[in-house]
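Take a look at these structures.
The same subunit A turns up in both complexes below, where it pairs with subunit B and then with subunit C.
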Partner chain A sequence: MFFHIILERNMQLHPRHFGRNLRDNLVAKLMKDVEGTCSGRHGFVVAITGIENIGKGLIRDGTGFVTFPVKYQCVVFRPFKGEILEAVVTMVNKMGFFAEAGPVQIFVSNHLIPDDMEFQSGDMPNYTTSDGSVKIQKDSEVRLKIIGTRVDATEIFCIGTIKDDFLGVINDPATA
Partner chain B sequence: MSLEPFNRLVKLAARAFYDDISTKGDNQPKTGRSDNRGIAVVVLDALTRRQWVREEDLAKDLKLHTKQLRRTIRFFEEEKLIAREHRRETAKGAKIFSAAVAATADGHHTKEGEEKVKLHTHSYCCLDYAQIYDVVRYRLHRMRKKLKDELENKNTVQEYICPNCSRRYTALDALRLISPDDEYFHCENCNGKLEAESDKIAAQEAGDGDDNARRRRREKLKSMLQKMEEQLKPLVDQLTRVKDLPVPEFGNLQAWEARAHAAGRGGLGDGSSNDPSKSSQGLGYGGTPMPFLGDTKVEVAFAGLDGKDDVKSETVSASLKVLPPWMIKQGMNLTKEQRGEVKEEVKMDGTSTSSTFSDDKKSSVETDDKKSIQDEYVKAYYAALLKKQQELEEAAKKQQELSSSNAANGDTGTSSTRQVGMKLKREDDEGDEDVEWEESNVAGNTNENYKVNDLNVQAEPSGEDEDEDDIDWEEG
Partner chain C sequence: MSGEEEENAAELKIGDEFLKAKCLMNCEVSLILEHKYEQLRQMSEDPLNQVSQVFEKSLQYVKRFSRYKNPDAVRQVREILSRYHLTEFELCVLGNLCPETVEEAIAMVPSMKTKGRGLDEEAIEKMLNDLSLIKTFE
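And then the complex of A and B:
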């Protein structure tokens, strides 16, 4: 799920950036530092949408670096248990398959794949129904439900299932 | 209220879940002779016929070795079915319990506890019915959930196990376990191939996940679930039956002993736990001493009651306490006191002789001329009754109002207190006005008499109601 929230961060800026463009440099550095990171609490920071407030800088003793407390608005993505996501399959193996929904990786183990789909090894490993009408392979798009999340300080990993109504392949690259 | 449904629940649960529990350690070889499966059921059954019981006594009754019994009981303690208490006690302490046991008049118990006083630490145990109810429900829920989850393969996180080092992983670790070389997961420790965990109930014989095996597994699970529902149906039925019943509660050992003791002493005295003065005085020893009649259900009823009873008695005694200052303050000595006296008299008739104690402290001076005043009063009362017909009618009206309000309020203890309070105020007003009102006060007094009686009459059914409410509340 996506959220638009305000976060705060202390930015350290090198003295060489001081000058007219201090603010621009600060924001550029913030984007470089923050976008794409993941915190267990808020999820993945997708994009910074604006700067709320930049506090007074504090010069660090000895280094000359200046610390600015910066408040910024950003879009974060946090997967939840029970959430339905659309994801792209990145890898298929005997144990199941991995998929990605934006920054988050999801593993679907083979017992959470419908019983009528079987693993076919080979050049392009895939799960196929007995009549061959539905095939899950690399780059397939699937709709899945998250049944478990593992949230560490700096990463989030999910396991999902496609063994439910309206879940499964939504767009097959082979037929498209 | 009855203990019986709960005992039935315990017996059913014992037979369903504990009939093949052996308390033997693993190191001891199981021979035919030492096979003690079924002991657990016997112990539980025995406990349904008892309340708090010393474990040595229980062992003696069951002709079991103390150690064996203790092992079983410890097992049940871990299963949360039994409440236990250990106590270092002297000869005296042991006697307290023996006396308590004797007081329960339970046929199973004898007084042989006294001889065992040399032992210092005694253990007591008792069924914890409230907890048993929860434990059994939880157990059923877990069983059902496990089967259903497996049947639907829903929300189960696949587990993987390393056959070499038997380290376990879950599907959540999957990202770290994939290897670039092949399509299997590899152990982080020993790089061995991980295998999908198959401790699931039905998965044992179905090694590979081929279609047939899966179907067979599903069928097996389904039949298992069905069988479970079928075979545990009596237990489930009993659970639903017990659901709305108040749970029998023995309290902890000390409270129970105290109660049993009090019952032993007070059992011959009176069966009326409604006696307000007694219950208000007897609060010191872990709980109100209530008549303990051996049969648990009765005890439970009173245990639920005593809280309410205290409240009630307090209100009654409060009304008694409120009266004297008022009488003194008004200064209309004789008649007012009479009124108080009459009220007191009625009280004595209505409930208990001991209720005068509280008043005696204050009115000890007047007790001497009590009788004569009373007689006078009665005469005056009758005269007033004849003469002041219309005022009596007024009084009757008021009385009606009161009784109607009484009925409207339902028969709770609080409403009755409120009425007493109202009553007092009204009399207060009348007292202020005139001597003329003296007679009407008399009429008011008849009203009062009626009221007090009424209050007492209503107290008993209300007590029962409140008791039920109380228990319900505890359950919820």
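And then the complex of A and C:
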């Protein structure tokens, strides 16, 4: 899910950026430093939308750098266990398939794909029901439920399932 | 993080910080990101170079999965859903997935069915009807 939240960060600024453009420099640096990053707690920072407040700068002993506490509003994407969302299938193999929902990768293992769907190898590997009516392949849109998340320093990986009511393919690229 | 183990969106256990935060529906994120992208385009020749991969992927994603395109419709969806005493998170799940039946809505947002919410099937049905009306008149 996407959220609009307020985060705080201490920004260090070199004295050469001081002057009338100090605020602009600070904001530009903040965007460069923060946008596109990911933390386990807040998820992926997609975009900074505004600056809430810039506190008083504090000179660092011995270096001349100044630290400013900056509060900013941003759009973040944070997946949660138990959340249901839509995603695009990016890769299919006999272990299961990978899908993407915005910046996050979700793996759906073949144990969590309904039992009536069989893996078919070939140019376009896919999972298909025995009557051929439902097919999951690259670029299919699926609705899935996140059942687990793994967080490391710069990424969040999710495990999902489509083995539940109202989950599964929502649009088949071949028939669309 | 001690709260990590208990996280479960189906029971609205998403941590205090996110429960109180403002959630955004895909269509709202799409409006925000497109606006920002437009601003960048006016400033530089090659805006794609300026944005992070996270931004690019998110923009593609919300464009693909936005149920409502025009800003007025987006505002109306939020207004209608906010009449039903939903939390921000529930509101956005419903706005994103646009369930068609009451059973589907409850499967998508199981927390609506917890006791004491005052949300009976009739109320949910009415809510879904109101939502589908916006879709038709968009």
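Please note the rule applied: the second predicted complex is superposed on the first by the 169 of 176 C-alpha atoms of A that agree within 3 Å, B and C clash if a C-alpha of one lies under 4 Å from a C-alpha of the other, contacts with A are read in each partner's own complex, and residues count from 1 in each chain.
What we mean here is this: a residue touches a chain if its C-beta (ideal position, glycine included) is under 8 Å from a C-beta of that chain, and two chains touch if they have at least 3 such contacts.
This structure is a prediction, so every number in the text was calculated from the model and none was measured.
Asker: Kindly say whether there is room for both subunit B and subunit C on subunit A in the superposition, answering fit or clash.
Answerer: With subunit A aligned, subunit B clears subunit C, so fit.
Asker: Vertex at subunit A, arms to subunit B and subunit C: angle between C-alpha centres to the nearest 10°?
Answerer: Taking subunit A as the apex, subunit B and subunit C sit 80 degrees apart.
Asker: Is A:G36 touching anything from subunit B or subunit C once the two structures are fitted on A? First, second, both or neither.
Answerer: The second partner, subunit C, only.
Asker: In the superposed model, does subunit B or subunit C contact more residues of subunit A?
Answerer: The partner with more contacted residues on subunit A is C.
Asker: If you stack the two complexes on chain A, which partner ends up touching A:F107: first (subunit B), second (subunit C), both, or neither?
Answerer: In the superposed model, A:F107 contacts subunit B only, not subunit C.
Asker: Just to be sure I read the superposition right, which of the two partners does A:M95 touch: subunit B = first, subunit C = second, or both, or neither?
Answerer: After superposing on A, A:M95 lies in contact with subunit B but is clear of subunit C.
Asker: May I ask you to decide whether A:R23 touches subunit B, subunit C, both, or neither, giving the answer as first, second, both or neither?
Answerer: neither
Asker: Per the contact definition in the header, classify A:R60: touching subunit B only (first), subunit C only (second), both, or neither.
Answerer: Neither partner.
Asker: For A:R9, using the defined touch cut-off, is the partner it touches subunit B, subunit C, both, or neither? Pick first, second, both or neither.
Answerer: neither
Asker: Once both structures are overlaid on their shared chain, how near does any Cα of subunit B get to a Cα of subunit C? Whole angstrom is fine.
Answerer: 12
Asker: Which residues form the common part of the subunit A surface touched by subunit B and by subunit C?
Answerer: In subunit A, residues 149, 164 are touched by subunit B and also by subunit C.
Asker: Which part of subunit C faces subunit A closely enough to touch in the complex?
Answerer: Of all residues in subunit C, those touching subunit A are 1, 7-11, 13-14, 17-18, 21-26, 28-29, 32-33, 36, 51-55, 57-58, 61-62, 64-65, 89, 92-93, 96-97, 99, 103-104, 107-108.
Asker: Mind pulling up the subunit A residues that touch subunit C in the complex?
Answerer: 1-5, 35-38, 40-41, 44-47, 49, 75, 77-78, 80-86, 88, 100-103, 141, 143, 146, 149, 164-166
Asker: Could you list, by residue number, the parts of subunit A that touch subunit B in their complex?
Answerer: Residue positions touching the partner: 91, 93-96, 98, 105, 107, 109-112, 115, 118, 121, 125, 147-150, 157, 159, 161, 163-164.
Asker: Would you pull the subunit B residues touching subunit A in the complex into a rising list?
Answerer: 153-158, 171-175, 178, 183-185, 196, 209, 211, 214
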